[in-house]
Amino acid sequence: MAKHSGVGVTSLPDNRQKMAAKLDQALASFEKSLPLTERVYLFALVDESTEELAGICALESSIGHGDVWYNYHVGKSVHASREIGVHKITQTLYLSNDLTGCSEIATLFLMPNFRNNQNGHLLSRSRYLFLAEFPELFGDEIIAEMRGYSDEDGNSPFWESLGRHFFQMEFSDADYLTGLGNKVFIAELMPKFPIHVPMLTAEAQAVIGRVHPQTEPALAMLKSEGFEFNHYIDIFDGGPSVGTKIKNIRAVRESKTYQVGISDQTPAPDFGVKHGLLMVSNRQLGEYRVLLVDQGAAGDDTLWLKPAQAKILHVRAGDTVRAVSLRPKEL
Amino acid sequence: MLLVRPSTFSDLAGIERLLDDTDARVTTLPKERDKLSEKISESDDGFRGDTDGEGPSSFLFVLQDTDSNELYGTSGIDAEAGCGYPFFNYRLDEIVHASHHLNISSKVPVLFLSHELTGRTLLRSFTIDPALTKSDGFDLLSRARLMYIAANSDRFHQEVIAEIQGIFDEKGACPFWDAVGRKFFDMDFLTADYYCSMKSKTFMSELIPQHPVYVPLLPPEASATIGQNHPAANRTCQLLYREGFHRSKFIDPFDGGPVLKAQLRYTHTISNIRFKTARPSDVVGGMKYLISNQSNQDFRCVIGTLVDGIGDSIRISLDVADALNVQAGDDIAYSPL
Amino acid sequence: MAKHSGVGVTSLPDNRQKMAAKLDQALASFEKSLPLTERVYLFALVDESTEELAGICALESSIGHGDVWYNYHVGKSVHASREIGVHKITQTLYLSNDLTGCSEIATLFLMPNFRNNQNGHLLSRSRYLFLAEFPELFGDEIIAEMRGYSDEDGNSPFWESLGRHFFQMEFSDADYLTGLGNKVFIAELMPKFPIHVPMLTAEAQAVIGRVHPQTEPALAMLKSEGFEFNHYIDIFDGGPSVGTKIKNIRAVRESKTYQVGISDQTPAPDFGVKHGLLMVSNRQLGEYRVLLVDQGAAGDDTLWLKPAQAKILHVRAGDTVRAVSLRPKEL
Amino acid sequence: MLLVRPSTFSDLAGIERLLDDTDARVTTLPKERDKLSEKISESDDGFRGDTDGEGPSSFLFVLQDTDSNELYGTSGIDAEAGCGYPFFNYRLDEIVHASHHLNISSKVPVLFLSHELTGRTLLRSFTIDPALTKSDGFDLLSRARLMYIAANSDRFHQEVIAEIQGIFDEKGACPFWDAVGRKFFDMDFLTADYYCSMKSKTFMSELIPQHPVYVPLLPPEASATIGQNHPAANRTCQLLYREGFHRSKFIDPFDGGPVLKAQLRYTHTISNIRFKTARPSDVVGGMKYLISNQSNQDFRCVIGTLVDGIGDSIRISLDVADALNVQAGDDIAYSPL
């Protein structure tokens, strides 16, 4: 069950001030009182039985308009000479603001005690129904930035080989400053010339576009929805950016609208069956909600809800909802 | 007597022997006979002032013992470095990375690919028999080039440069090359060096990495050799410093060796050069000078003693006159050793 | 009817030597005797009734391995300062070899007297059935480079503003040299540093990524198959490169295999009906052929061919063929 | 008598009037009182040698008539250009574009963004009452800075630079800016110039285009102004050339004006400077000199007549001694006008 909410945000570490601002921004976004490009949509996963906040996630409508959005574009350079028989393909990193104006799959945080019952999938994928419903609020392209590789001690080989020489600080400090929304120091300290990848350490080269082990599941989830590495990486840790056209996201493409029918006979969702669940959204911007139901609830044009489910979704018989299977078929 | 004169085709065998013996790295002198013969032919055109509009001149000199006719060394000049094509160097510069907010300010050294030295007069192809390294012959062979330039100054750029060998070991391992060029040329230093002497320079434009190189990204053993000369080039550096050359911001793009630079007119040889009319005769005593004739095609330069004096003519010994092919009344140039 | 052939290639202007080499390359490609990355597949459109050659087209398996493949990558640069309230998005052109290794929709030439009866569409789109059939011969990505804008007098504003300053020749000369496969001069003369787009003339800026008016139909055809501008342009005329994943091409995605049935009752194709036609390929690499048939020929699993059609395709009852509608439904 | 001395807060009104009157473009002197007062405060710290570890020193001088106490000009020094942050210039270089195969070779001028001059000693903030432009006062105001540097040479870089106003018209239209900076800063020249005097330099790092600028891509009216000085700066250029400054490869990134460069020790003022002990007395005749005391905080410099002689002491007139705050036995410096 996802709805916009501010409860319990203080449980997110190190971010109180920023989160409060984000919240204000999110409320204004749902009310459409901000310019399109400044809107951010914040969703909360709530346990309806206990009113407990289980997690939050966000969508940015358009990145790079307030702060500058930096990536390295990973380009190919061919060094070839027929005369002496050389043909060598290397990579070059170009400091880039190319993703400016894309929408973004942003923050996701799930409370540890709720990491079960498909909650993670619901929280993350519920956003696709929002994108399917309100494409006019977003750009054509959407991206997600993945945490880059670092070892057990938190060392980022990419940072050690590149950023450290220019920023003269620890990776965690640079990351923290960026998190605070202070990106001026990037313009000031960042190397501006393209970086020849072969001049980085072997360790750094190996992690270009590679995610942190803990981020593998999130990456797999995005890929299953059609996201692909777009040749942009994080300037600090080399983590990949993945992207797709919103219209090509699996859950957007496959989602369908149904008329609501109310019935006590509707089967209850079994959270243990991975492929037996549908996400259903109420299609309402101001009171946006998504709920998991059993796939048996969907007929050809009608989606059958139990009265309690309809209440949670704020829908009545005859209203329309949008639904799609929680997971892609292949998985 | 040791004599410096233009190379001719009859020097081919001698130069080959020299290159084999000295095992020197002389990028601009190929060991292959065909290529070497081409170089001599180009030089020939240069001395004859006959370049067929085929681009700027090159000059190759040899050091010969007039008694034994043995060759003991070579030296050369390119009237215009790059000969019409880009002459590649890295230029060492610094970029300031400073953050007002974070109170950080540091200077980051960066190597910029540069063609700035293209067209300068380039001293090159210096090889000498190791037995003569510590002799006057070394100075003669090197400085004779400046004597030639002085006699034909309209054909040369006012700024003169010399690339000095950088750091590499006997096996050809070169830390700067291994950290920079090798990653793109995909070959070891000696192979790249070999191609440089053999092929057109097109492959340089095709292969050399174009973006600036941030020095902190290089391994320390490579950055430590930036602008460092090979120990074998110490004598060359000393001579050139004495001539008034100084280190520039430029380094060799292959081995990172320094490029030395001077204004022709301020070099020791040229700022102290005098021109007078020769009076061959018996000469006793006096100071040692570089002495050259004023011929273009048949240029010759030796070391001999002179008593410099007032007036338009000067006495030179008969054997010097003979070696220089100079008759009484011909102009000669001389500069203190 | 598309099959590989060399007849009549001399009718293509200015290219005799190059075309002869291409032909040898193509024959070796179909015989799989060349390394994968060097293969090029040449197809001919032939009027079976007269044996007349009507046109040719090609597929490159992997570009940029012999000659270096150059593009400008069109990047975004954001010039922003909160301190003085500036936020300006500009474009920057980066000299790039990024498309190296992509497959390419290459040459297409259709004789003027055959520009009717859907011949252009057949010739162009027949390649997609080849891609669908033999994906292992190609990369994941495929691109097509489109001729850039030039005015009625043949002047390219992009060239006039950029290339001319460095190449000291006419656009047509540079184009000709490249056509000959001589790309060394590009490495030698091309500006290597990124180009700030705002420093080009307004005319040049306006044609970045814009095709020549005569190329509009070809672009529309590619777009209808799912190709999109990939932010790479031609270094000479600024024409766009369009690309897609091969698996996402409409004709690849929608193509299906059928068993061949032979029947005299099969309706004859009506070339006047745009959406009534199917392309059918025989799935044979060495004797590859594609034919247009009426869409009524396709059953659920069987595709019915007239005996003459089967003969042209070199198939018999019980063989399998691959078919897809000639045009996407939307058009 | 005209006197150059450190600025103080009591000069605020006078400087403001001067800036209004002269309508000069003095990038480093803001007209806003707050900012101006900040500059004077920084300068104060500089003269007291009290920089609180807050980065390198700045010095602001004023030209004052000791009779009327009126201010007639300002001049300044930054001990280190950029004051710890990048000092931006474009460096004009050439790239060779040559094709062996096509027999094409041409040099393409390119502007590289450079921080190379960061940390050099920068002469800046020169404003003078137009009535004095052709007088000795002009030389005094400009050269007094070199006299100050000579007296405190350990605080300055050996290389000294001056940015000269480039070409722009009365309305602020600046061809170089319009073709380069404006496309990225999104504002006209005068606005950008204003921000330069008012704001931190962070916005420069944020906005200035980082990639090299190919000069042939600029409109001819812009490329024609590269390295050209504004006619109003002719007098300044003449003075600096006479001092031994020369044009460098660097230009102002905003207006394309030239950056002049000199080695401190070779400047006319410093290479001819002498230090002696003052003997105030009646002086008649003699040559005109710049004369300064050797005080750091209470530095003063005037033009007066001297008869230079042998020995450790020298006679100066009583009014000069008075203006310089010098007693018999104090050290003074002097350099020929």
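Remarks
Per-chain residue numbering starts at 1, and chain names A, B, C and D are given in the order in which the chains are listed.
In this text, a residue touches a chain if its C-beta (ideal position, glycine included) is under 8 Å from a C-beta of that chain, and two chains touch if they have at least 3 such contacts.
If you're wondering where the values come from, they're calculated on a predicted model, not measured in any experiment.
Simply put, of A-D and A-B, more C-beta pairs touch at A-B.
Seen from the C-alpha centroid of chain A, the farthest chain centroid is that of B. Averaging C-alpha coordinates per chain places the centre of chain B 41 Å away from that of chain D.
Note: centroid distance chain A to chain D, computed from Cα atoms, is 54 Å. Inter-chain centre distance (chain C to chain D, centres taken as mean C-alpha positions): 62 Å.
Taken residue by residue, chain B touches two or more other chains at 97-101, 200, 202, 205-206, whereas all remaining positions touch fewer. Multi-chain contact residues, meaning those touching two or more other chains, occur in chain A at positions 68, 77, 80, 184, 188, 193-194.
Chain D contributes residues 202, 205-206, 210 to its touches with chain A in the complex. Chain contact summary for the complex, chain D toward chain B: residues 82, 84-87, 93-101, 105, 107, 112, 114-116, 118, 200-202, 205.
Of all the residues in chain C, the ones that touch chain B in their complex are 68, 184, 187-188, 192-193.
Considering their complex, residues 77, 79-81, 83-84, 86, 88, 90, 92, 161-162, 165-169, 177, 182, 184-185, 188-189, 191, 193-196, 198-200 of chain A touch chain B. Residues of chain A that touch chain C in their complex: 64-65, 67-69, 73, 75-78, 80, 82, 87, 89, 94, 96-101, 184, 194, 231.
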